[in-house]
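The following pair of complexes shares a single chain, chain A, combined with chain B in the former and chain C in the latter.
Showing the complex of A and B:
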C-alpha cells in the first residue's frame, strides 16, 4: 500500500521575498550622482551628471598631478585599459579622471599631466573644479563610510568607479588589479547582451579554458 | 542689545576667503580687541533621542557693546524630537544655554581670536551650504555631525594651540571612536574636550 507523504512548505510566503518595501523607489543616477560644475583639461565648463554621465557607461578615478605614489602607476594602467577598449572609447564608453587637489590642478596642469602619461586619448577627460564640489563628488562616488579613510583624499586614488547610467548599474575595482580583472569588472556594467551573444562568449571562454588545461594542466589566466 | 544670526548675516556679507598660506600670518598679527569678544561654545546633551544620543552643536558668538552675532550648527531635536542636522534655531540654543542644565550636559565656552572665529565660521557656513543644497557627505547625519565638530574644533589649533586637543582619529589611542556609536561620538568628544580644557572655560556670567 502506497504511503501518502505529507509535504509541507519550508517557506510560507514566496511572494514577499525579494520584493521592495511598499512605496520604495529605486534611486537612479540623477539621484545619486552630483551634477556639480567642473572644468575639463581643455578648459570647457561642464556639469558632471548632465554632460558627462547621463545615459553613458563611464569609468571614473581620482588623482592629482603631483601625486608620486600610486597615481602614475594607476594612470599607466588606465592607458592599457584604454588601449584594450579603444574601439569603444569616446563612443559608448568614457573615462574621467578627477583631481583631488583642485587648488593645485587647473586645466593646464591636468593637460600637462595627461600629456606626460600619454593619456590625451579619445573619450578620456581630466576634470577639476571648486574644492566644495570635488568633495561632494568624492564622497558620493568613492566614500568608504569611515571618517578616518574618507578624510584622507589619498585613500580615494585606489579605486575605479564604473557606472552604466543607462541601466543603473554600478561597480568598482582596484585599478592596480590585473588588467584582465579590471576589464572583467568594466564588462559587468556593459549594456545587456542578446542570448546569442552570451552563448557565443561562453563558447569562446570554454575553448580558452580547455586550451589552458591542455597547456598548463590547470586554468591559468582566463 | 541687537542680536543677529551669524550664519545668515555673514553669508549675506560674502566673507573674505582665507587662504592657507596667509591664515596663520593673519592670526599672528591679530591683536585682542577691546570692543569685541569672540567665543566658540561646544554644547552637547545625551539621552534625548531613541539611541540615547542628544543634541550636539557648535555655537559661535561675537559680542560688541550693543550687538551680538550668534549662530549654532549641528544636531538638535526637531518638532517631533527627531534629530535634525542644520542651523540650530535660536529658541533651541537659547533654551539650552539658559535653562538649568542636567549634570550630563556639556558646555565648553572658549574665548577665541577674530581669525579663529572667521575660520570656524567658514566651516559652519560650508555645512550650511551643504544642507541647503542637499549635498551632505554621508547618508547618515550623525557622520556629517562628527565631521563638522572635528573640523570646527581642529580649526582652532591650526596656527597655535588654543585648545588642549583630543585626537579623534580612529587610531589606537582614540577610545571615543572605539567605544561609541557614531551618533554619540560628538557628545563624548565634547565631554572630553571640556574635561581637558576646564581651565579655559569662560562661564556664562562673564
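Showing the complex of A and C:
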C-alpha cells in the first residue's frame, strides 16, 4: 500500500493539487491487473503486475505455440513493431506474449517458438503459468463482457492490449492493422508530451497535410 | 493577446462548482492568450505554466474497480432541467478557411464551401472538467463537459444561416490518473451534412490546449443539384454533437462530452405561430419543445464531497444503475394540458431504451413519433401497444398530448429495464415499479400566459426526396473473428480507406450482421447523408443460406442515419454522396463496440482518377491480405 500512496502523491503534486485524502482508494493497475505468478520463457518465476507491469508501458497479446490462424502473422508483426521501437524496448516499453494453452506451452516450448520467429529480443517476454491464472489474466485484460466470446479462448488472439500503468491509460489495437497504425496506437499510451512538443507536432501535421494537397490535390496518407 | 471578454491577468481560480461558465471563460482567456503568444514566448516559463496550468477541479478519487451499487436517490425531487441555448459569440482569433495553427488551431484540411457558406453565427464550446450534480440526494460528480454544463448548451440554428463551432480542448493536461477518458477530442455533429474536416473523424483528434473550428453550412443535402441551400426535402432538425476520439469515445461520452444541436426552418420554425409552411408542432425550445437526453450512470459512495461517477478502464464504459435524463435522475416536469414535443436522444454509451408512457391506472398512453433521427416521417406514427426503442445515437421527436389527462394527475415515462432507486417507494401506478420510472410528468391546467395548444398533428409531415437510383451496390459484412471486430474481413484502421465513392453518386448498401450468433444488436451509424431502408431480411435458422423478408416498421420508412442491425440481419439501404468530399465513417454506435473498432472508413472523392486509384489500392491490399477483391475491373478502372 505504501508505494501506491506515494505514487498518488507524486501525481497530485505534479498536477498542482493537494494530495488525495488518505484512505480513499484510487483505481490503479494494482486493482485491475491480476498479480498472478507466471513463468517466463527463460524459466524465471515472476508476478505479473508487480514484476512486469507496474509503472511501465506494456504491449500484451495472447498466443500459443501451435496456433496457426493469426498467431504467426501477429508475432511477425510484433517483431516489426519491436524493430521500430527498439530504442525504447526493455527500457520504458515492454512486450508480453501470454500463452492461452499453458498445458502445452512450457517455458521451453515458448522459447523455441520465440526463437523460430526471431522474437528473442530485449524487453519481450513470453509467459506461461497455471491455467486458472492465465484465464484470470485473460478476463481482466481482454474481456468483451459477452459470455459467448469471453468463454472462447480463441477469441482473444487478435488484439493487442496496450497499457501505461504509470498514467492508468489503457488502449488496444488490432495487430494486423498497418504498422503505422499499430505504432500510433501504442503512442496513445505514451507518457504525456509537453505543450511545446504538441505545438510542434501539430505544426508538422499541418505541413504534411498541406504538402499532400499540393502533390495529390487531396489528403492521401496523413 | 486581446480577448473581448475579460482581462487575462487573474491568477485566481474560480471556486469549485460555482460560476462554471465564468470560470471556463477566464481559463479560455488564459489558454488562448498563451497560445496566441506561443510562438513568441514559448520558452518563457510563465506562458508554459499558464498553458499547462491544471484546471481548478481536484481530480476524482474513485471507488475501486468493482462496480458499486449507486447510493439511494428519492424519486421526483429534481425538476427536469433543459440544456441552455448556446449563445453565439464573436471568436477571437476570427475563424479562417485554412487551419490557423499559429493561433493554436488543430491541423486540418481547409474548410470546404467556405466562401459559399461563410459562417454568420459562431459558437464556442470549451471541453473542460466541471462538477455536475445528478440528484439532490447525491453530491456533485467530476465530469468532462462543454462550457461547464452537462448536457452541453444547445446551439439553435436556422437553415440558410451557416454556423461555426469552435471546440476548445481545456481538458486536464496532466495525466488524468483517475479518469479514464483521454484528454484528446474530435467532435462529430451527428449527422451533419458537413465537410470531412468538420465531421469529427475518429483519427482527427486534438490535444488539450488546442482548438478546432467545425464549419456547419446548415444547408440541406443536394446543394450542387438544387442550388442555394440544397433540397428542402432533405431537412433534418434534431442533431447532436459528441466526442468521437478513436478507442476512447465511450469513456469520453460517459464523462459528459455531448450535447444537442437543433436546426430550424420554415417547416419547423422554432415557434408555433401560423407562418407559411409551418407544421405548427409544439415548438418553443425549453417550454413546449424539450430535449430528453438519456444516459445511464453508476455512482461511487460519497467521499471527499463528491459522488464520483464510477469508471472502468480498458473494457469500455460501465453499465449504469441510474437512469439519467438531461443530467438528472428521476426528474419531474410540470406540463400543461396541451401537446408537447420531446426530442429524445440516446447518448449511450451502450444502453438501449425501451420507453412507454404510463397512465396512473397503469395502462399505456399513446406517444406519437413525428421524426426519426432528425427527419420528419411522411406520416406520424402513434405507438399505443409497443415500446419506443431508442438505440444509441438515435433521436426520436415525439408528441405527447397531455390534454388527454385531467389536471392534477401524473403520468410516467417508463423504461423497460429497472434501475436501482435504493429507497422503498410504493409503485406509482399498478404494475409500474418505481425502478422502471424514467421521469414523471405532472399535468396541470394551462395558465392564461402559457401558449395555447397547437393544432392537430398534420397527417402529412414531409415529402420524401426523389427516390435514390443507385449507381452501384456494396455490402458491408460485420463479423467478429478472434476477438477482432471485422468489416469486410479487415479491422478498423483510421489511416486506411476501405471503400471509395464518387461525389454526386448514389449507392445501395447492404449491412450484414454475421457477428457469430451473439445476441448483439448493433446500431450501425453512417456519417454524412441520411439514407433510406429498402428492405430488411433475417437468416432462416433452419436453412442458413436463405433469408426471410421482414416487413419494415412504419417508423423505418423514413430517412435515417442509425440502422439497428440485429443478429443475422441484412439491412439494405440507399444513400447519396453529395456536395462534400473527404473521409467518413460507418460504425456500430454501441460506443464500446465502436472503441473495439467495429468501425470502417470510407471516402468521398471528386475525380474519377482518384476514385479508381484508391479503389485499385484497396483491392491490391485485399489481395495481399488473402481477401477477395471488392471491385470489378471497370469499377476500379483496370486490373489489379
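Keep this in mind: the second predicted complex is superposed on the first by the 196 of 222 C-alpha atoms of A that agree within 3 Å, B and C clash if a C-alpha of one lies under 4 Å from a C-alpha of the other, contacts with A are read in each partner's own complex, and residues count from 1 in each chain.
Basically, a contact is a pair of C-beta atoms (placed from the backbone, for glycine too) under 8 Å apart; a residue touches a chain by one contact, two chains touch by 3 or more.
On a predicted model such as this, the values are computed, not experimentally measured, just so you know.
Once the two complexes are laid over each other on the shared chain, residue contacts for A:177 go to chain C alone; chain B is not touched. Legend: residue contacts after superposition of the two complexes on their common chain; A:34 is shown touching chain B, with no touch to chain C.
By the document's definition of touching, of the two partners only chain B reaches A:132; chain C does not.
Considering which of chain B and chain C touches more of chain A, the answer is C. When the shared chain is aligned, chain C comes close enough to touch A:142, but chain B does not.
Residue overlap on chain A between its contacts with chain B in one complex and with chain C in the other: 143, 145-146, 148. Interface residues of chain A facing chain C in the complex, by the touch rule stated above, are 8, 11-12, 14-18, 20-21, 24-28, 31-32, 69-70, 141-146, 148-149, 154-159, 161, 163, 166-174, 176-178, 180-181, 184-185, 188, 191-192, 194-196, 198-199, 202-203, 205-206, 209, 213, 216-219, 221. Looking at the complex, you find that chain C touches chain A at residues 38, 42, 48, 51-54, 58-59, 61-65, 99, 101, 104, 106-110, 172-178, 180, 182, 206-207, 209-210, 247-248, 303-304, 311, 313-316, 480-484, 491-496, 516-520, 581-583, 592, 596-597, 605, 607, 610, 625.
Residues 34, 132, 135-136, 139, 143, 145-148, 150-151 of chain A are the ones that touch chain B when the two sit in their complex. Those residues of chain B that touch chain A in the shared complex are 126, 129-130, 135, 137-138, 143, 146-147, 150, 169-171.
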